[in-house]
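What follows is a set of structures for review.
Shared between the two complexes below is chain A, which pairs with chain B and chain C, respectively.
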Partner chain A sequence: MMTLPPLEVLRPGSVAEAVEALRAHPGARVLAGGTDLVPNLKYGMYDTRHLVALRGLSKELRYVREEGGLRLGALCTIDQLAENDLLKARTPALAEACGQIAGPQLRRMGTLGGNLCLDTRCVYINQSYFWRSALGFCLKKDGTLCHVVAGGKRCVAAASNDTAPALLALDAGVRLVSPRGERVVPLREFYLPDGLHNTVLQPDELLVEVRIPPAAFGKKQAFMKLRTRAAIDFPALNLAVALETEGAVVKSISLAVGALAARPVLIKGIDDLVGRPADARFAEELGRRAQKQCRPLTNISVDPDWRRDLLPVLVRRLVLRALA
Partner chain B sequence: MSVGDRFPKIDGVAKADGSGIYADDISFPRMLHAKLLRSPHAHARIRGIDVSEALKLPGVIAALTGDELPLKYGVIPWTQDEQALATEKVRFVGDEVACIAALDERTAEDALKLIRVEYEVLPAVLSPEEALAHPEIKVNEKAKVGNITKHVNLQFGDVDRAVAGAAAIAHETYAYAGSTHAPIEPHCAVARVDADGNLTIWSSTQIPHYLHRELSRVLGLSPAKVRVIQPLLGGAFGGKSDPFSLEFCVAKLALKTGRPVKILFTREEVFYAHRGRHPMKMDVTVALESDGRIAAVDNKILIDGGAYASFGMITAYYAGQLLTGPYRFGTYRFDSYRMYTNKPPCGPKRGHGSVQPRFAFEVALDEAAEKLGLDPIEVRRRNFIGEEVDTVNGQRITSNGFLKCLDLVEQASGWRERRGKLGPGRGLGVAGSMYISGTAYPVYPNEMPQSGVLVKLDRSGRVAIFSGASDIGQGINTLLCQIAAQELGCDPRHVTVVAADTDLTPVDLGAYSSRVTFMVGLAAQEACEKLAAKLQAAGGATFAEACQKAEAIEGAPLAASGGYRTQKLGGGYRGGTIGASPAYSFTAHVAEVSVDEETGIWKVERIWAAHDCGKALNPTLVEGQIEGSVYMGAAEAQMEEMVYNEKGLLFGPSLLDYRIPTSMDTPDLQAMIVESNDPNGPYGAKEAGEGPLHAAIPAIANALYDACGIRIRELPFYPQRVLKLLRERGRKEEERVA
Partner chain C sequence: MQLLHLFVNGEEHAVAAPGQRTLLEALRYDLMLTGSKQGCDKGDCGACTVLVRPRGDSGFRGEPILACITLAADAQDLEITTIEGLAGPLGLDPIQRAFADCGALQCGFCQPGMMLSARALLDKCDKPTLPQIQEALSGNLCRCTGYTKIYEAVEVAAGLRTPSSRAPVQSERAAASDSKAQTVTEIVP
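Let's turn to the complex of A and B:
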């Protein structure tokens, strides 16, 4: 079978100890559920010698609290959130997103923080060392070429986390702790368009909490995931929308799309649609706008032309479902 | 609980609770773990291999290169073109080059990176068209002409004249994508040499006997010094029916080091070992008389074989020979080329060679029938070939329950009431098929029985059956218990089966061509009948008492053997025995699909599958085989495909990227058993493990047509392909309106 590289596993008992361990061991990787990290380690994607295992923090960071908005500890498991009644009532888009991640066993192990910090994925990188060597390696690890974009100098491996578009649409923020203190970053500023490292997270920083503002609760919201199989698969596209309406009129719109390039996209330039009737025509128009801003790539093995073709249809259906 | 009963599988609990012993569960003190170095090039000459640095790594015990195992092997004696480790050339990305044995897997893996191989990269051919166009790029020196593994061209009757005089013709090209078996258990082999120099190999193989022969020959050891044992198998489906590099390497390394050696493939390596479904391009003509009778079938088939022959010679025949039922063909011609290409070798996957042409033919039949205004089920009924008849290519059909299969799926699916009334985007499709129950062609020519069974009775009332057959999940070991119970009157739970151990069990040729239940079943029946006669003569109130009395009369332990002797079958022309079977199974499916016409996303809602297995020796096992087959067929229709980049590198060799349907993607399956009681089979039984796969794919394609008016001719039926066809249909409709 595939083997793990030699690793030293550090087991901090608190957030403070965890970020200290990260500081003391540059390049260390954070191990929460391990559902993505462990296969990536077997693929030789990281040169790290140290893992900081967060099991000792699970009491501290596994909570769902209503406090102003919602506060979710980073070690909440995905299945815990998919089944959480408060989430289903307040932020159904997030509960739906969680319910569509991987399969039951992986949802039991995987965590919210892990999903938000999921490394970008690409058909050319999540492969064995042998496979990547036969390919000639790539930008993201051990090589200089991009096999997705000819002549590409920036890695476009895909943001493949299902919670990200949902939380973007809900205008959530994340609380980050480092040995220097802590900060709260709006999720819309958290992701970077660089597949090598697609977040603002510093090497010694830990994502400890997700904050969802109370304004999200009243929004009409929905999540949708395109994938080949009805389980297991990472997204070929994922979308989330949150809408405020006043009477029959749209008051605010937030639409996020993932599984494109390194960063999940918040669709921009749609403020002029505010004030429109919240109807099928609005949904159609939003779909057209989204399609113009999204460019599916061959970083994911599902036909990019088809995914692009589908975008307006999926957005329309998503919006109509949110409005229903 | 005897023949015909729903007796539970004897290894079912052990497989479910984890206590069963698979090859990887076998471990010995001082055992070494070995890893294979593989070629990163699709085609290259090897200029030199240097393992000296690898040997210096602490924990590395031995290295192996191809010069130590120079003899070529292969499952078919006429096309032996494989070497355990390459010496002159590598022929696909993943071809084995060297092997390292170390104290643990990680050390062996690290050592692979220290091996220096000097390659001279050669141009590669990655498609059968390229292979035909570039005979000067020789993929495999075994090919006599260009890159052709095998060319078969057979004609029965005047096809051109029949086509010219036909009332309706469908002539189109079809493309079938390559797919792999994806057994859950990766290949694994363990070798151990005892103090007397006897070599034992435990391997996840479905051909212990052929493996035994090849190991002995390649290693240069007397067959009496080599023992092959097949432990429990975690799925095979044809993917474990060749001798593989890992078996020779563990054996050689065990001889070399004097220590036990194990190789367990990674999932990625299973993809390189492959032997999966051959991609085929098919140019098919189906010509019908005005009454719907099949006047002619003509098929030109181009087969993408990969780098080695495997069973490819047979594939080139099966692609044509197995199409000639359950319908009567007026005339028939096929012309098939199996080509070498620089990709992992294809081989026999469940429904070997005949799944692809069956898809093309059953779709073309629908298309031609529509031109005559004939209902798809009706055209199939009208062409029914019957029982006790010869096919156009000279195969003898004995029992044939195909009409009953059609009746059952027609009724169960509500075909008459529901078809055409399901609303937009929903439809029904039908297809039929035929498959062999073993073949009259033993892989190496010989006059000995294809299967043998020994049965021993004990005075305690215990029965021991020694059988060479591979239980690969089809349940032969369970059936042997039922056959013993049927013939001897014993409790089937008091039967011990010793199976697939070349030291202890009689030869069986292996689990392929759907031969096992048929041939081993007959052999077991024969052995048990001999003993039953003795028990009956002896009398006794209980089974144990009968055994005691009979043993007293015999004056020796009670034992008997039975065999399956190959019959002379098939047409009297070259290749006429290939595809000739003592009995054929028949299948009909109706599939119901729904299509989202805006996205192309579609779903198989339900499949009704009726299968004529002759006689269900254990209905639960037969239903399991039908369901598993239909699942596998539907999977190929939905999503499975081996995709390569421009350098011949297989995309995503993992079960995350190579997608097989989950339970959530599996349609509702209704398996229905038809019993035609074959005169040749054990208790009337025929095969059930491969036949029911075939019809699923064309039934789905025909249902897609019924649902939304598209004829899909390329697998898999990706939603983007469906959407493209829907748009073409829309454009054509607009043009017609304009």
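Let's turn to the complex of A and C:
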């Protein structure tokens, strides 16, 4: 049995009130579906005494609109997106990613904004206070040592959100609101390589919307997730690809991989593959390139060597599925 | 502390609780409805599953959510069904009867959550396929049975087959609410 620390829950009725509450209570955490925040609070991962609950905003921020591209409210639930016909038709990679998150109950509770802002995960942090104290804690909370990378100075807890690689591959952006105004940040600039806080989100800023550009609609895309069980588990690897083809030739490539370190990565240095025939050899080559740029760590309790060996295989299958 | 109004199994309850009280704690320790189990207590195992629907909705009992990671205060605008509320005035729910007849339990800890997830499935889809059953129950962990008999029980409750055991446990006489589970003899592989 794990109890929550004493909490005062603030319940704003609008986005403006919500960001004002965040500003007025430094350190306050945002509560949407609670599927990530509540267990983490039970683990004693945050010192906050204030939550800003967004339940009152769910009418305002729970929409899927086609406006140029797609606009998705941050409080869309994961199962709502997994079942959404517009998403299935326009951005199947995102619909697939949503359909593979956790289990049915968690998908019903969890939100898109919450998944994008999911705290990083590591076998040394997602544990009870007692467990962590026995090990002298770690970099991410209460300690100074990293147990994953010897001598590591930067937290490498893994970005474990499934929507992030899918939306990265689709070149999506997020709209952030703070008391000072709002800004739209491309997702590829949203994540930071530091597991302590892996986004550019300011403490009083709220992610309110995801924007997918219309260019994503015509791309051949797919999402794939490696995990031990076919449900509930966080990813041991997750990948998404979006390809543009002209005839039988590759015109553009976007491949994102998650569950490695603090941020999901877009595979770079693959522009020379543009112009190649979109076939199995191309898929193999993309897999080899991706493997060179991805280093699975022991931050996830699935053998990193196996995950590394499997990566090119998964990329090949993913690309062939997208092209099929 | 604040006064919370929870609508559970058709009754309104007032509970005084601090802001961090989870729905599961309120159910188990304030309302003494200990049927919802406290397993992992962090949203993995599904033992705390309850059904919820917006207040005032009629018809089905709602969708399964996890009570251990829901704040009790956030459940005030919901109608909650726990395992204690699954049986109707006419007796056991067909799901409950089928679980007993199929021996779909061993230690029984996962069963309240399993049966509520199964109920939510059958409310939406009265003749589910095996993959649909597996998907609907994929958020509920059972460490004893290997799931085979649980899936079978859902099929029995849906009237798709009879229990496979040669000498099924004869539960109490069929009540009106579960005639479906008792009368169907056709076996669909």
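Rule of thumb we're sticking to: the second predicted complex is superposed on the first by the 324 of 324 C-alpha atoms of A that agree within 3 Å, B and C clash if a C-alpha of one lies under 4 Å from a C-alpha of the other, contacts with A are read in each partner's own complex, and residues count from 1 in each chain.
Operating definition for what follows: a contact is a pair of C-beta atoms (placed from the backbone, for glycine too) under 8 Å apart; a residue touches a chain by one contact, two chains touch by 3 or more.
For clarity, every value in this text was computed on a predicted model and none was experimentally measured.
Judged by the touch definition given at the top, the superposed model places A:228 against chain B, while chain C stays out of reach.
In the superposed model, A:55 makes contact with chain C only, not with chain B.
In the superposition on chain A, A:133 contacts chain B only, with no contact to chain C.
In the superposed pair of complexes, A:35 makes contact with chain C only, with no contact to chain B. By the touch criterion stated above, A:103 is placed in contact with chain B and with chain C alike.
Once the two complexes are overlaid on the shared chain, A:306 sits against chain B while remaining clear of chain C. Contact with chain B, but none with chain C, is seen for A:123 once the two complexes are overlaid on the shared chain. In the superposition on chain A, A:8 contacts chain C only, with no contact to chain B. In the superposed model, A:280 lies in contact with neither chain B nor chain C. Across the superposed pair, chain B and chain C both touch chain A at residues 1-6, 103, 230-232.
Partner chain A is touched in their complex by these residues of chain B: 38, 40-41, 93, 105-106, 109, 186, 264, 266-268, 598-600, 639, 643, 645, 647, 649, 651-654, 656-657, 659, 661-665, 718-720, 723.
Chain A makes touch with chain B in their complex at residues 1-6, 103, 123, 126-128, 130-131, 133-135, 228-234, 301, 303, 305-306, 309-310, 313-314.
Chain C contributes residues 18-20, 22, 25, 38, 41-44, 46, 49, 63-66, 68-71, 73-74, 117, 135-136, 138-141 to its touches with chain A in the complex.
Listed in rising order, the residues of chain A touching chain C in the complex are 1-9, 31, 34-35, 38-39, 42-43, 51, 53, 55, 102-106, 108-109, 230-232.
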